[in-house]
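Here come two complexes built around subunit A, the first alongside subunit B, the second alongside subunit C.
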Partner chain A sequence: MIETFKTRPALLRWTLLLATLVVWEAITRFASFNPIIVAPPSAVFQQAFLIALGDSTIPQFYANSAITIGEVVASYLITVVLGILIGLAFASSKLVCDAFEPLLLVLYAIPKIILYPLLILTLGIGVLPNIAFGVLLGVFVVIFNTSAGLRQIEPNYVRLAHSLGYGRRAIFFKVVIPAAAPTIVAGLRLGFGYTVIGVITAELLVVSVGLGSLIDYATVNYQTAQLYALVLITLAIGVAGNSLFSALERRWVK
Partner chain B sequence: MPIIEVRGVSKTYENPVTGRKTRTLDNVSLKAKENDFLILLGPSGCGKSTLLNIIAGLVPHDADGGEVHVEGKRVTGPNPKLMAYMFQDPVLYPWRTVLRNVEFGLEAQGLDKAVRRERAFKYLRMVGLEEFADYYPRQLSGGMAQRVAICRSLALETDIILMDEPFGALDEQSRIILGDELVEIWRKVRRTVVFVTHSLTEAVYLGERIAVFSARPGRIKVEVENHLERPRRLGEPEISRMVDTLWGHLKGESLIAIKRAPAEEERLELPQE
Partner chain C sequence: MRREHQLSLLIRAATIVLLLVLWELAVRLGWIDKLFLAGPIEAALRLGPVASKVAPDIIATLVEFGSAFCIGVALAVTLGFAINQSPYVTAVFKPLLVLGVTVPKVTLLPLFLLWFGIDKTPIIVFGALSGFFPMVVNVMAASNEVKPNQLLLARAMGYGRLDILRKVTFPAMLPVLSSGMFYACNAAMMGVFIVELGIARQGLGVVVHGYAVTFRTPDLYAAVFLTASITVAINMALWYLARYFGRWRR
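Up next, the complex of A and B:
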């Protein structure tokens, strides 16, 4: 048995997952758990299916999913543009870096959640504070990775291009950018994860719209199976976004 | 007329933090004639690499410290049409294939894709790496990577190739093999090579002329002609004799150099970004 797993880690993973589901199902079925506290996996999958068909107690699933996805896209676009621009500024000027890096580190270190009430006060209740909170969580890793990637280039990479007669502009686009790309892309990938966390957290904190609001709806109405199903769906959206990144990384970064 | 002429060149580095000044080169004069295989040999920190960088136009010499002329023109910056420069490390870009690394220098000169490709393959064939054209640098051994770097330099088809300890990071066997290949190519294509090393054996094995440096601040202590017949064989008595002669010139300088802290000033200035 162990010999079979040794060469096939994926098999081990799926076996363990399946076993967990079976045990979970068995416990909820036979140990007479209160279904409000723990829903059996069979009910969770059934609800996920019903929610996807738009035939469940959860209202306006697709409208709310679209809002969440829209928020994530908007939030992530802002994160990328802002993060890369600030990262570039940090990498290209020692003055900017020395002057503002300490500020950025302080902002990075504080728990961002304490800034959320400020966002609500300034932006009101709705999609805006959710987008802003996603940016707040995602932007730092993009800034740091962009600036670190650009600054930590092998000096000989630049010297070689210089010796071959390349000018500053050409060196930036032909050497600096591709050399920094793996670090920058890693930052963009982590930033995506943080942005998703930020948006959904914000939706849960002050319930207005989106998947977060549906999760909250299921919770306060004791619809535990639906709650689990929604968590599962949210997870699936996150995983889908992440796989999109892996695919892009494989294409762009050698 | 010499193809490279260094006249009274001096170089002083200033530590940007402490402001302490170190003189690495002191009034160095040197000539290389066409098809020369000139070795710059010296103890570590003697400024031999600095001199090579100054000849290449990668590092400026002191404003009042002499001048360098290559093919009759004064050197003011890198001139890849005249001189190819090789580093101790291969410095291959990991995001480019072997072929596209070799083409990188030709791209800067705006050559057609077909011309670039043909030229790159010509030299890859010369060093026996044509089947590896589509490989990425991480898939190569150290010796193969340095061969690709040699190709990149040769492909520029310059009259002069400047090499800064190009085999210094390789194991001894690869060093000998690449040295043989380099001499073979040099005899075939007739270029002028200036080669920096701290290895006495490598100097005698490869060079036609050996300029021996003093310890810092570097001066040229003596120039030794070396016209031993080629192909040369390691362990030949003539080679050993010449190594011994060079060591006679170098021993005192090495004793001085070895007692010194490494020169942080040797770190080379980067072009302004």
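Up next, the complex of A and C:
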């Protein structure tokens, strides 16, 4: 029994998580906790199930989820295109890099959340500021990793390819890109995480549509079990996206 | 070399000036409504009055951020070092802690309102939580920087446990630890401002939120600029600290 635990850390991890849930359930059941503040896990899972069936007090779950997922996808596409283009520009010219990298670092050092009210004022309330905020959070790591990945390539690789008669384009696609891929893909994965965080944060701060609006709805109506369930569902969507990326990363980057 | 450096400075300055001019023009020529966008000149003029008015809020935010950052980092370092002692314990907890970085913790914000109310507590707790995860992951990564051969050598030379920790382990970990502090600082600030913008009653985030919802746009831009300057100064200090501690590696 102990041997199995010793060889498989994941087993202990899941056991601990399960134990936490059991203790949580016991405390909420037997100690007199205010049910508005803490909901028991059984009620949370039941609500999550009901919400997924479309049979709960939370209105239009699927329509709002679709909006949130759409925002994330749009935001991430912009992040990827913009990030890789700027990263390429930085890596391709020392002058561009010297001129703009300090500016980018300063922008990066600003907690982007403080710019969110400005986004609301210029873009209005709705999906646009949410998408823009996701880009703002996600794009930096993509830029930095793309340009770092491209710049840290062993110069001898390029020289070798050159002396073997490769053209500029062939060198770029056959040598530079594969050599930089691990760093770039890591940037893309981190960027995805930040984009999701950005979109959800934006939705929760100024409530209009999407999962954020549902979480707010559950909060102001004191539907605590539903609130926990929605938080759980949102976290699950984020985790699902992340594991998708980890799987892709393992496949592409060896 | 010197000329290239000057050229890059020139390009940077020209870009900033061009952006400022475009921004001013956008307001002057009415491309964007004055209600929603304040010109740089107008905003700059409001900088002084706003700065003197929000001084208490600046202090409140700095105190909250300072406590959140210190608590988050202290917890992360303690827990990280404890976990590092055993590869097995690392294997059990590392995936959970890595997950903690990427998960949108902001969804917990409404729960924080229920648990901690709207005073200083939710700000500090959420800021500490935001800073904790990037730091703890970096503490775990930092232990990989300690090479077993160096430990072996130090022991062979007769170093005691404490000496090894002080002279070998800690200096090896320092670069990753300090860059972890940089990320933790950024995340903790983000956490503090999210709560301030969302539910708090005092602090820079509250000021910015107040100006935004009352459409006092020039004041808003001045306050955002003020906040950005303070945070950039703190972040840059940590950034250079991280580079300073990492210099032996290059």
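Simple rule for what comes next: the second predicted complex is superposed on the first by the 250 of 254 C-alpha atoms of A that agree within 3 Å, B and C clash if a C-alpha of one lies under 4 Å from a C-alpha of the other, contacts with A are read in each partner's own complex, and residues count from 1 in each chain.
Methods note: contacts are C-beta pairs under 8 Å (C-beta built on N, C-alpha and C of every residue); 3 or more make two chains touch, one makes a residue touch a chain.
Because the structure is predicted, anything quoted here is derived from the model rather than measured.
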First, second, both or neither for A:61, with subunit B first and subunit C second: neither
Which superposed partner A:178 touches (first subunit B, second subunit C, both, neither): first
Partner chain(s) touched by A:16 [first = subunit B, second = subunit C, both, neither]: second
Comparison of subunit B and subunit C by subunit A residues contacted: C
Touched partner set for A:170, first subunit B, second subunit C, both or neither: first
Touching partner for A:204 - first (subunit B), second (subunit C), both, neither: second
Which of subunit B and subunit C A:105 touches, first, second, both or neither: second
Overlap of the subunit B and subunit C footprints on subunit A, listed as residue numbers: none
Subunit A residues within the subunit B interface of the complex: 92, 154-166, 168, 170-172, 174-176, 178-179, 181, 253-254
Complex interface listing, subunit A residues touching subunit C: 6, 9-10, 12-13, 16, 36-37, 94-95, 98-100, 102-103, 105-106, 109-118, 120-122, 193, 196-197, 200-201, 204-205, 215-216, 218-219, 224, 227-228, 230-231, 234-235, 238-239, 242
Contact set on subunit C toward subunit A in their complex: 4-5, 7-9, 11-12, 15-16, 32, 36-37, 88, 91-93, 95-96, 99, 101-104, 106-111, 113-115, 186, 189-190, 193-194, 197-198, 204-205, 208-209, 211-212, 215, 217, 220-221, 224, 227-228, 231-232, 235-236, 239
Footprint of subunit A on subunit B - complex, ascending: 56, 58, 78-81, 85, 87, 89, 91, 93-95, 104-105, 107-109, 136, 156, 268, 270-273
